[in-house]
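All chains are identified by letter, namely A, B, C, D and E, in their written order; residue positions are counted from 1 within each chain.
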Amino acid sequence: METLFFLIISLVAIVSAILVITCKNPINSALSLIMTFFCLATYYVMLDAPFMAAVQVMVYAGAIMVLIVFTIMLLNIRIDASKKHSHKLIFGSIIGFFTLLNVVFVLIRSRAAVPTGPYSGDMIKNIGHTELIGREMFTNFLLPFEITSILLLVAIVGAVILAKKKI
Amino acid sequence: MSNVLSLTTFLPILGVLLLLFIPKDSKGVLRNVTFAVTIVTFLVSLLILTGFQTNAEFQFVENVPWIAAGPFIMRYNIGIDGISLWLVILTTFIMPIAVLSTYTAVEEKVKEYMVCLLLLETGMLGAFISLDLFLFYIFWEVMLIPMYFMIGIWGGKNKIYAAVKFFIYTMVGSLLMLVALIFLYFKGMQAGITDFGLLQFFDLKLDMATQIWLFLAFAFAFAIKVPMFPLHTWLPDAHTEAPTAGSVILAAVLLKMGTYGYVRFAIPLFPEAAHKFAPVIATLAVIGIIYAALVAMVQEDVKKLVAYSSVAHLGFVMLGVFAFNTEGITGGMLQMINHGISTGALFLIVGFIYERRHTRLITDFGGLSKQMPIFATVFMIVTFSSVGLPGTNGFVGEFLILLGAFESQLRWWTIVATSGVILSAVYMLWVFQRVMFGELDNPKNQKLLDLNAREITIMVPLIVMIFFMGLYPKPFIDKMDPAIKKLVAQVRVASVNTMAIPCADQSQMPAGHPGGEMPPGHPSVNMPAGHPVIESPSTQPAAPVANPHAEK
Amino acid sequence: MFDKVWLIPLFPLIGFLINGLFGKKIKNEAVIGGIGTLMIFLSFLVSCGILMQMIGLPPEQRVFEKVLFPWIHSGNFKADMAFLVDPLSVIMIMVVTGVGSLIHLYSIGYMHGEEGFYRFFAYLNLFCMSMLLLVLGSNMLVMFIGWEGVGLCSYLLIGYYFHKKSAGDAAKKAFVMNRVGDFGFLIGLFTLYWWFGSNHNIWTVNFVEIKAASHLLPYGGVVTFATLCFFVGATGKSAQIPLFTWLPDAMEGPTPVSALIHAATMVTAGVYMIGRMSFVFIKSPETMMVIAVVGAATAIFAATIGTAQNDIKRVLAYSTVSQLGFMFLAMGVGAFSAGIFHLMTHAFFKACLFLGSGSVIHSMHHALHKIHSHDDAQDMRNMGGLRKAMPITFLTFLVSTIAISGIPGFSGFFSKDEILWMAFANSYHGNLNIVLWGIGAIAACFTAFYMFRLVFMTFFGECRINPGAKSYLHESPLVITIPLMVLGALAAVGGYLGMPKILGMLPNYFEHWLEPVFELANEYGSTYAHHGAHPSHAIEWGLMGLSVVIALVGIAIAFTMYVKNTELPGKFVAAFPTLHRVVYNKWYIDELYDYLFVNPCKAFGQFLWKFFDVIIVDGAVNGVANVVMSFSGILRYMQSGYVYNYAFSMALGVVVMLGYYIFK
Amino acid sequence: MENLNSYLIVSAVLFSIGTIGVLTRKNAIVIFMCIELMLNAVNLTFVAFSRHLGNLDGQIFVFFIMTVAAAEAAVGLALFIAFYNNKESIDVDDANMMKW
Amino acid sequence: MDMILIPAVNMAPILPEILLSVLAMILLLINVFSPGGQKSSLAYISFLGIIAAGVLVAIGWGVHIESFSGSVVLDNFATFFKMTFLVAAGLAVLISDSYMEREGCNQGELYPLILFTVVGMMLMASGTDLMTIFLGLEVMSVSLYVLAGFNRANKKSNEAGLKYFLLGAFSTGFLLYGMALIYGATGTTRLYKIAAIVGQMTVPSSNIMLVAGMLLMMTGFAFKIAAAPFHMWTPDVYEGAPTPMTAFMSAGPKAAGFAALLRLFLVALPTLQVEWSQVLWVLAVLTMTVGNITALRQDNIKRILAYSSIAHAGYALVGFAAGNGTGTAGILFYMLSYAFMNIGAFAIIILVSKKGETNGNVSDFAGLGFKHPLLALAMTLFLFSLAGVPPAAGFIGKFYLFSGAIQKGYIWLAVIGVLNSAASVYYYLRIMVYMYFKESTEEFEWVKVTAPVALALVIAAAGTLIPGIVPSVILEYAQMAVKLM
């Protein structure tokens, strides 16, 4: 059952991902991307990471994609330019294919590290994913967390400078 | 007194600082100050000459720490021996002459020109006195910069091409040398060498393969600078385009860097490899002699002709140096000085007529003897010095080179090289004839003025040296002799070592072979039957002709 | 007196410096000429003193070496500035300073009014100094200074009229050909030095030391190589086949120069050098044969050319070449003292002949100049019948001509006959002897012919000069005629110093004098000489008579052709046009050399420069640069400006990197 | 739970699709979306590893990646707008003033 | 539900970062509340701030503190690089004001952004956790995207920002994938732990996930340091970005990329040295060659220096490939001296160029040598240093880099390096050819040499010349920095 579910989700994810790169209309691409994001959120749930799933939906599908769609609308772009670059497509696909091949081979031919961490599925269920994440983040990963604040500040300042009308 | 070497080397830099305070437009002051600085430098360098003890040791040594970081220790390690002594003196001697020659030749950007000249002097002196390989490399490169600007700013029509070619050409070689230098240092480090001090490296025992590679890298860099055939094409370009003083210094001192590099570095550092490549280098030197002479013969531009004659002369130097005996190397050293004087003088002469006529084409001249008798005399003396007429300096060097080379294994090379003596007469006399003899038919030449007092002053010291070194070279030879003997000994010891290897092989041969005194039943493990001695024939040519009876 | 030998070259040097540096300021010809002449004359006096002292010494004490100062000392090599006084060098300094003084004196008159008078005397002094160094040098290197120094002076003096292109060419040609010889000299020197040094640890170039060690030299082999090289040097300096073509051209110089340098002294340096090193040369039978053959060949060859020349000085020049050939023939057959003897007598009569011709030219030139004629003052076809106008010149000229033709009683007869006899009777060359003698005899015949042709054309017959100029012809001043008379006298009587034994009237002083010098050589030679039956006195008398007859035949032919039957030469030319053309054009040797050496060298130089240097060597250098540059162009266009291209390059990099590690 | 490799392979596929998109599309916004796709694929890898290893570092990392993505989106879209203001286009083909 | 107890952390290692961040925020506020127009005061304040940060950094020399549970470390290595960043930023700040004024885009946010960039770079240099490094990198990159497109009225600047952003984000994808694989293979993101775990592996190089992770991460950093074939953004972005920012970008982020990569490889993955050395060998050759050879045929001086900066990354990679003390110390030294000489060169470009950078060609330098000898002299010094001619710092740097390779036995790499160096001489000389050997065809005018720019030039020249003559002043520190890592 779970396998079947996994396969269906995977199918949807991959098809919508392919749609992202094939749709002529950027809006359609954006919508397909949102679809993919939802599929990923589903995976996260399946991987015992409900908090990540929630963030995925809120930040990615919610915030980022809204921003993107908004921009697409703002710039009033409809169709990807009609000029076709078949060689681009071919070379791009070949490279993509080889990237896939390489990565898949890496994954097949190697084994990940032996599980050592304390966080089993049960533990997550007992204590709660969000709390565990919070503990980690504010203890071991405090500094990166603080850095993100600077990062976001930079992004805000940058966006303002670049996009404000009057200089 | 103990710092007199440093003083000599950096006096020109002080001069540069002085020049900076002189306004751009007071050209006369700029010239006079520069001239005074070079004269003072020359006088100070005479202290070196008088204080020099005639022995093989390095003298006036100054050795203070400079850089110590990581695996490297570089020291400000300077000193001179008989080999570098004369090159230092030559440099300080030529500089005032070069400066004096610019009084009317350079009217634009005088200040910059003088700065370049003085910087160049420091660079050249530094390279001659460095006993630290790294320091040497620094000076070696630093020299390029002022020369590059001199060619590029004050040069002729095609100056940019010539300047860039000069710079990049020499740069390629010297960078490869740098790699070899670093490699050598690491090799030395394994043997317990602590810094870049040259003397320690002389005792370093390197295996043949390493020596060959390192020697090739050094030799390549120096060969470009010499320049040896076929790496010579930058020279005619650089010479033709450079202003007179630039050409003079280039010919008189800069080219000596290459040959000096061989004598001081490439040969004593890698004696076995030097022996192995002696035939190759001698071949190139001999080709250079003949080739440059033939090419010089058909030149239409006087300056280019002199440039090619430089190639030929330095071919002689190389031949002498690679004879590896006292006579040859002494000859080579003398020829270096001689070439500095006579070719420097030739470039000055070309400069004189160029200043008057703004052309250097031989066909534009003819019959100048009539109009300019003093010039004719001077030109003739210098021509014959360049040709190597006995009694002038050119002969002593050339003769010793050929004699030394003939004594060594390079006999057949010498015979070919000697024919260069004929060719040099051909092209030098031919140009002399075409410029000075014949009808004075070109109206532009009929108003030419003879040399003025300044120009005569420039030429007199050179002419005096031409005859002095030709008739009484003893003081020169005596001072350099111990150092050269030491060098020869260094090289010879090494070559004996190479010979010892095959001998050792042969002495082991009977022990390895079945039969003889071998105990019965003892299998010949060490050497399978039929195993030939591969080493001996290949190392044989490296050995000098220690057995002269072979020729009988 | 011996240790004052350094004064001999010093005086001319002083003269050179005074005239060279200040001559232009002095301006007064008398002072300049006086200084020049005086200096060489002082040398002559010192030489006389040395000669006197030497005569007073027993033969074994007649060698003296004077070291002036150390010159080149390096490693094993030692060469001092040192002079060697021995019977041979004394003869040479006597000839050089003696004849030199006379010619200096003559020059005062001859060069009168020339632009650069001071220059001429400076050069002449310099030449004398170099020549004296050459003959006095106690080692090969000092000799070489002189050797090249005389070449230099020859260059300067041939090019004295530098505004004439032909003069410049001739000067250069002379120097370059001499350089070819020097090349040989140097190689020979190296070989000898190296051989002695490496085999016997005798590192020397000193003649005395080499002589002392010469018993170590093998016969043939390396000595042949060395001596052949030296001989190449000698051919260059002494204008032998194949390096003789410069000498006739050298006549571009003023006539006193031709007399001093190109007849009396410098050109004989090669002979002197062989004499100086006779003990080495004799060790190689092969070289001896080569010398003899080349000498004989040059003698006949140059003589043939001499018969067809019309320029008075050129005839003399070819005559000089031919006479030098005789000297080399003498050296080659081991008759060293005969060769030196001929050198001396030749110096007398040939100097006299040149100076005489100079007198003629001087007069002709003067006369032609008066009427503004552009006729050639040196062309014999413009002369004729001058004996009336210039009696002293004529007489001295005639005496010398008789001497050179080998008429008994005059100096040339004694020396030349001795050479011919030795060519026939020597014990080194076996059956070749008769050939050598034959060639020599024919050459002698030719000599008599062309010399008398010269005399007849110049001094006899109709006066063919431009009629207007005829009245201006007159005898030269005393300053010119005195040297002529002195030399004429010497040409007449100089031979009695070396009268062949067979004539028996006087002892052969000359041979005795040189005996200590050539003793060793003769001793070495006797080890391989053929000790056959020695030719009898009868044969010697017969041959002597024959050579006289031959000379007379030559004279008779000349008389027939140029006095009696003046249309004969024209007929002869018409009968053998090709032969005449070939001989007239000096067998096209110059053209041959141009074709073989000069032009290929120039063409090769052009090729090396324009093609090899510029296209191949520099082309390779620039080619590397161009290849790099074109790569630069390619790489530059890969930088297309499109983001996806950049991304593509990145992705490709990733894929390749990963792929390499995954699938390796 | 599916095994680790399934997730990894799905993420690899998504990553490759994203790469292809970057290489083939011309619209800058679409390219940016493809990059977001790549980042998401990485996120999936991280979460999968995190779950497999039983430590949460990977998930924290994902959290930060999302922040970065947001920041980049803000700046990136601002850049696009500025570009569009200048060029009236958002095609990367038109970003071709500077080349060679 | 328990409270999360935030552990006590030692702030010392990130004091300079904090200082700069706070300063940046203050500057933002000042900018908002100050009247528009004159922004010079911001430049001065930030320069002073940078000096203050420099003092803080300098105080930390010789200290070794880990903090934030191993996320960050203060050691000599970090300190050295932080100094390098501060030098780059300080010089960039000094040369920015007059340029921005001239180009009419003098917005006060510039300086805070520069400072934030420095903060990001500092975190990269001192981070010992993949996350810290990644976030530092992103702080830096995001700021740089903005800085590259800062002059938004200028189409080139715009385009530069766009290109930089797209490609940068693309490379981030690879970087992150690499980090993910490393995480998967080792189970941690802390560098020291990674080192420990990898150290326990029997044959780490056979763990393909680890190797692939390493390679992908390398890709990401290679992009930042502009190593071929990930270099292609460089010329376009350098050309388009405002010149002071180009100067800054060429020096700072490149150094930061090296800092992070060095720490990553030498601390976390020393056991894979064979593998990364191999790759870096190839990258170094490619980078040097592509950079130098392409530069030969450029006319735009900014592009020339962009390609030259690629080539310089290649030289540094030579030292990196060697991976020994000599080579890595060489990188440190080189990055610092490169900051001096390259920013110095750009400063002169700024002075020579006109508004809108209409004259960015080499030929516009014609005749500079004699009209403004001091400027030309400084430029000559910088160019010779870039070319690696003694006695400038560039030579000593190259000397150590190549020495490292030779010591390691990579002779051919060194040979290729020096040959490249020789080729590079051509285009540096070309600029000098124009400055000295050609006469200018037109009168040129430039921005007055303001005091800050003059100061920047003096500092840059001193920083180029002094380490060339007495390299020990810097080299010794570089050696120590590498040793203690």
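Details
Everything below uses one rule, namely that a contact is a pair of C-beta atoms (placed from the backbone, for glycine too) under 8 Å apart; a residue touches a chain by one contact, two chains touch by 3 or more.
Please read these numbers as outputs of a predicted model, since none were measured by experiment.
Any chain bridging chain A and chain B, meaning touching each of them, is among C, E; the list is complete. Between chain A and chain C, the least number of touch steps comes to 1.
When every pair of chains is scored by its C-beta contact pairs, the maximum goes to A-D. Core chain by CA centroid proximity to the global CA centroid: B.
Distance from chain A peaks, on a Cα-centroid basis, for C.
Taking the mean of the C-alpha atoms as each chain's centre, chain B and chain D sit 64 Å apart.
Averaged C-alpha coordinates give centres for chain A and chain E that are 30 Å from one another. The mean-CA centres of chain B and chain C are about 38 angstrom from one another, to the nearest whole unit. Centres computed as Cα averages put chain D at a distance of 25 Å from chain E.
Chain contacts: chain A has residues 88, 91-92, 95-96, 99, 102-103, 105-107, 109, 112-113, 115-117, 140-141, 144, 148, 151, 154-155, 158, 160-162 touching two or more partner chains.
Contact with two or more other chains is made by residues 8, 15, 18-19, 22-26, 31-32, 49, 52-53, 55, 57, 60, 64, 68, 71-72, 75, 79-80, 82, 92-93, 95-100 of chain D.
Multi-chain contact residues, meaning those touching two or more other chains, occur in chain E at positions 131, 135, 138, 142, 145-146, 149, 152-153, 161-163, 166, 170, 177, 181, 184, 187, 208, 212, 235-236, 298, 423.
Inter-chain contacts, as defined above, occur between A-C, A-D, A-E, B-C, B-E, C-D, C-E, D-E.
Listed in rising order, the residues of chain A touching chain E in the complex are 102-103, 105-107, 109-117, 131, 134-135, 138-144, 147-148, 150-151, 153-155, 157-158, 160-162, 167. Contact residues of chain D toward chain A in the complex are 1-2, 4-10, 12-27, 29-30, 32-34, 36-37, 40, 43-44, 47-57, 59-60, 62-64, 66-75, 77-82, 84, 90-91, 93. Across the complex, chain D meets chain E through its residues 8, 15, 18-19, 22, 28, 31-32, 35, 38-39, 41-42, 45-46, 49, 52-53, 55, 57-58, 60-61, 64-65, 68, 71-72, 75-76, 79-80, 82-83, 85-87, 92, 95-100.
Remark: chain A residues 2-3, 6, 10, 13-14, 17-18, 20-21, 26, 29-30, 33, 36-37, 40, 43-44, 46-49, 51-52, 55-56, 59-60, 63-64, 67-68, 71-72, 74-75, 77, 80-81, 83, 85, 88-89, 91-93, 95-97, 99-100, 103-104, 107-108, 112-113, 115-121, 132-133, 136-137, 140-141, 144-145, 148, 151-152, 154-156, 158-163 touch chain D in the complex.
Interface residues of chain E, counted against chain D in their complex, comprise 130-131, 134-135, 138, 142, 145-146, 149, 152-153, 155-156, 158-163, 165-166, 169-170, 172-173, 176-177, 179-181, 183-184, 187-189, 235-236, 239-240, 298.
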